[in-house]
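The following pair of complexes shares a single chain, subunit A, combined with subunit B in the former and subunit C in the latter.
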Partner chain A sequence: MNNQKIRWTIFASLFAVIVVSYIITLKWRIPTSPSVQKSYDLIESLPPSSMVIVSFDHEASSLPEIQPISYIILRHLFSRNQRVIGMSLFAEGTAIGYQTLNKLAAEYGKKYGEDYVFLGFKPQHISAILGMGESIRQVFPQDYLGNYLAEIPLMSGVENYRQIAAVISLADGDRTVQWIEYTGKKHGLTILGGFTAAMITTYDPYLSSGQLYSAVGGIVGAAEYEGILGLPGKANRALLSQTAAHIFIVLLVIAGNIAYFKRRKGGK
Partner chain B sequence: MSSRIPLIVCLVAGLIMFLQYFSAHPVARAMFNQVNDWWQIIFAFTLFVGVAAFMNNSMRAIRRGKERPFKTVSLLALISMPLLAIIGGTKIGSPFLWTFDNLQAPMQATVFSLLAFFVASASFRGFRARNLQATILLVAALIVLLGRMPIMAYLSDTIPELTYWIQDYPSMAARRAILIGIGLGSMTTALRVILGLERTYLRGQ
Partner chain C sequence: MDWGAVAAGLLTLAIYSFLYRDNPVYKFAESLLIGLSIGYALVTFWQTAILDKLVYPLFSHGQLLLIVPLLLGLMMFSRFSRRLGWLSRIPLALMIGAGAGSAIPAMLYERTLRQVSNSIQPLVTAGGQFNFSGLVVLVGLLSTLAYFYFSREHKGFLGSFAKIGTYFMMIFFGATFGYTVMSRMSTLIGRVDFLLTDFLHYLK
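Here is the complex of A and B:
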């Protein structure tokens, strides 16, 4: 088989593996990792009506992986009657964050301006993160809809990070690092992360040092969280197809090496 | 003299911004807020410069007939999204959000998901135990890949434990070394810029 044929066979097989495994509905109850459990415990331990910033620091490209994480975390926050301040440090995260917050808030009958608010996007993330430590209103004088923060009931009494119980950064890159570096120690903020699986190891040093309180990583992390809450959703649904794709890749690596050693033995 | 003025500005600004970090005095806080505002404004203007440069390059390419359909589509997208937001707003149900949800988000997710196919193809054709180093990398990658699968928790304790060991020790050590190196490098560069030893921003004068 020539290279082109091999490549197309692999592409078609992977496509078939993903589609077939996605069609099969299997409700998994997977063991919870310590980091996901820690995220859950923190939200559980917050007194009702605590202020939590949820920052949508990701692009649309990672939406299939980040959305299950944002959905389950917001469901948990709203079910515990926490107050949510949404924002984004990525232009694309703005539309995603606004719609996600509205959708999930509606599920729990939450009112905009009283139970949650969406501040929108600010360019230059480091400056925005630092500025919010001084005054949130100075960085975001108006919310996403153009309402002045001074006129929003939820924001009355919220001046800076001193009134914030935790920051949850949902990121597909290293944006959370800036939250950790510029707010963690300086303002004593508790920072939680929701990351794509590819990014989770980047945050391992911050997790082990305690600078990042906890993290929910990828589809597996979201499925674990769904398991604790007893709300199987998008992540649980995608778990089988992701596992099937991983097994397929492991088999490809093995097959590739067998072929390589056979060729080498044959002197080619 | 012309190069001394920016060096003095850089030294004074650098020292003031460094010192204000440790002060809670209202003057220091007000100054920080002011500088922070300037930072945001300057950054916002750089976005305009980026958009203008992109439009200029695209228009030139269209005139030359180079990649005309692609450049036209990207230009139209660049113009139409802000226009839709200005005309129809950005609330739920607006044409802007409809376009974002039904065009931009699926297209970006599609391009990103193609990575899975390239990874699969590369894992067959490129990921081979050619020598000792490659073999160690290959074995470690396979263990981590298997150990991260939720199904593995039901089959074996050893592989998930090995996965955590690889992540917590060799991988963590390497990452920490890189992070500490970046931190020390950033501090050194910042000091060199503040003290005027690093002058590449002055075209090396």
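Here is the complex of A and C:
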């Protein structure tokens, strides 16, 4: 078989493994990691009607990974009757954030402007993060729909970070680092992260130092959270495919190594 | 019928057709993605930066102070002129100065001092127990730093210690690569989920 055919076979086999394992439904218990448990415990411990900022700091390309995290965290927030201020520090995250908030809020019968609001996107994310510490209305005079913040009931009495219980940054890059750097020491904000798996090692040092309160990482993190809440969703289903794909890749690596050493031995 | 889902499904398949070989259908989907992304970003920036922060407050609410950033912004375009190009240095200097002023203290504290202080852990805890992870952090930190110490030749103790640093780095790179593979698999699973549920309606 030539290289091209080997490549096609690998792609087709991997696709088949993922599709078949995705169709199969298995009930399994996923052990919870300390960081996901800490995220859950924090939201549980917040008094009802606490103000929580959920920042959609990601692009559309990372939606398959971030969406299960944002869904389960918002479900938890709305089920605990917390008030959510949505925003985005990425242009592409704006429409995604607005749609996600509306969808999840509708599930729990939440009303726009009273239980949640979406402020939209601000360019120059560092200025936005710093500015919100002085006055949220200065940075976002209007919400995503063009309503003035002064006219939105949810925002009455919300001046700056002093009224915010926690910030949840859903990121596929280093935007959460900026939340940590520009609000950590100055405002002492509690910051939770929801990341793609690729970013987990980037945020590990911030987690162990306590600068980042807790994190939910990748599909696994979302599946763990779904497990604690007792709401198995897409992350739970995707985990079997994830496991099957990893096993398949490990087998390919082993097969590749065997083929390489055989060829080298034959050459000698 | 949800035409949005149909279009998204067909475009997903068009993108994956590249796995077979480069083809016009893939090229079309790729160009569409790039064009839409740039167009969306451009419109969003125009609305949130130019209109919301400058045009409406200046012309509708008479905030005359905004003439200053307007002029500074226009000065940026002087780079296109050889004669007036020097003017662009003024807004650039302001941007760099303000950026460095706000970034340096924050980064120095959060990215450097807090991280360094967390790396220095007592090897024996208050309860008298040996802190093994503290030792791993200490050896990992010092040996990795030794690898990047180029003022002396990496021979003898320094060479051996720097070698240990490379193993720590390899573990880090391996973990990062593993997580990245996991991330890419999640993206593929996400598209499979979309194809099976929203596009083909095979799953609910």
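A few remarks follow.
One rule holds in what follows: the second predicted complex is superposed on the first by the 267 of 268 C-alpha atoms of A that agree within 3 Å, B and C clash if a C-alpha of one lies under 4 Å from a C-alpha of the other, contacts with A are read in each partner's own complex, and residues count from 1 in each chain.
Everything below uses one rule, namely that a contact is a pair of C-beta atoms (placed from the backbone, for glycine too) under 8 Å apart; a residue touches a chain by one contact, two chains touch by 3 or more.
Just so we're clear, the structure is a prediction, and the values are computed from it rather than from any experiment.
Contacts of A:Ile6 after superposition: subunit B is touched, whereas subunit C is not reached. Judged by the touch definition given at the top, the superposed model places A:Ser62 against both subunit B and subunit C.
By the touch criterion defined above, A:Ala255 lies against subunit B but remains apart from subunit C after alignment on the C-alpha atoms of chain A. Touch criterion met: A:His246 reaches subunit B and subunit C at once. Of the two partner chains placed by superposition, only subunit B is touched by A:Trp28; subunit C is not. Contacts of A:Gln99 after superposition on the shared chain: subunit B is touched, whereas subunit C is not. By the touch criterion stated above, A:Tyr40 is placed in contact with neither subunit B nor subunit C.
In the superposed model, A:Gln142 makes contact with subunit C only, not with subunit B. Of the two partner chains placed around the shared chain by superposition, subunit C is the only one that A:Lys185 touches, whereas subunit B remains out of contact.
On subunit A, the patch touched by subunit B and the patch touched by subunit C overlap at residues 11, 14-15, 18, 60-64, 92, 122-124, 130, 197, 201, 205, 208, 220, 245-246, 249. Only residues 19-20, 37, 40-41, 44-45, 48-49, 52, 99, 102-103, 106-107, 109-111, 114-115, 117-118, 172, 175-176, 179-194, 196, 202-203 of subunit C touch subunit A when the two sit together in their complex.
The residues of subunit B lying in touch with subunit A in their complex are 29, 32-33, 36-37, 39-40, 43-44, 47, 90-92, 96-97, 100-101, 104-105, 108-109, 111-113, 116-117, 119-121, 123-130, 138, 141-142, 145-146, 148-151, 153, 167-168, 171-172, 175-176, 179.
Residue ranges of subunit A in contact with subunit C, taken from their complex: 8, 11, 14-15, 18-19, 22-23, 60-65, 67, 91-92, 94, 120-124, 126, 130, 141-142, 177, 180-182, 184-186, 196-201, 205, 208-211, 218-220, 234, 237-238, 241-242, 245-246, 249. Residues 3, 6-7, 10-11, 14-15, 18, 28, 30-31, 59-64, 92, 95-96, 98-99, 102, 122-124, 127-128, 130-131, 134-135, 138-139, 144-145, 197, 201-202, 204-205, 208, 220, 223, 239, 243, 245-250, 252-253, 255-257, 260 of subunit A are the ones touching subunit B in the complex.
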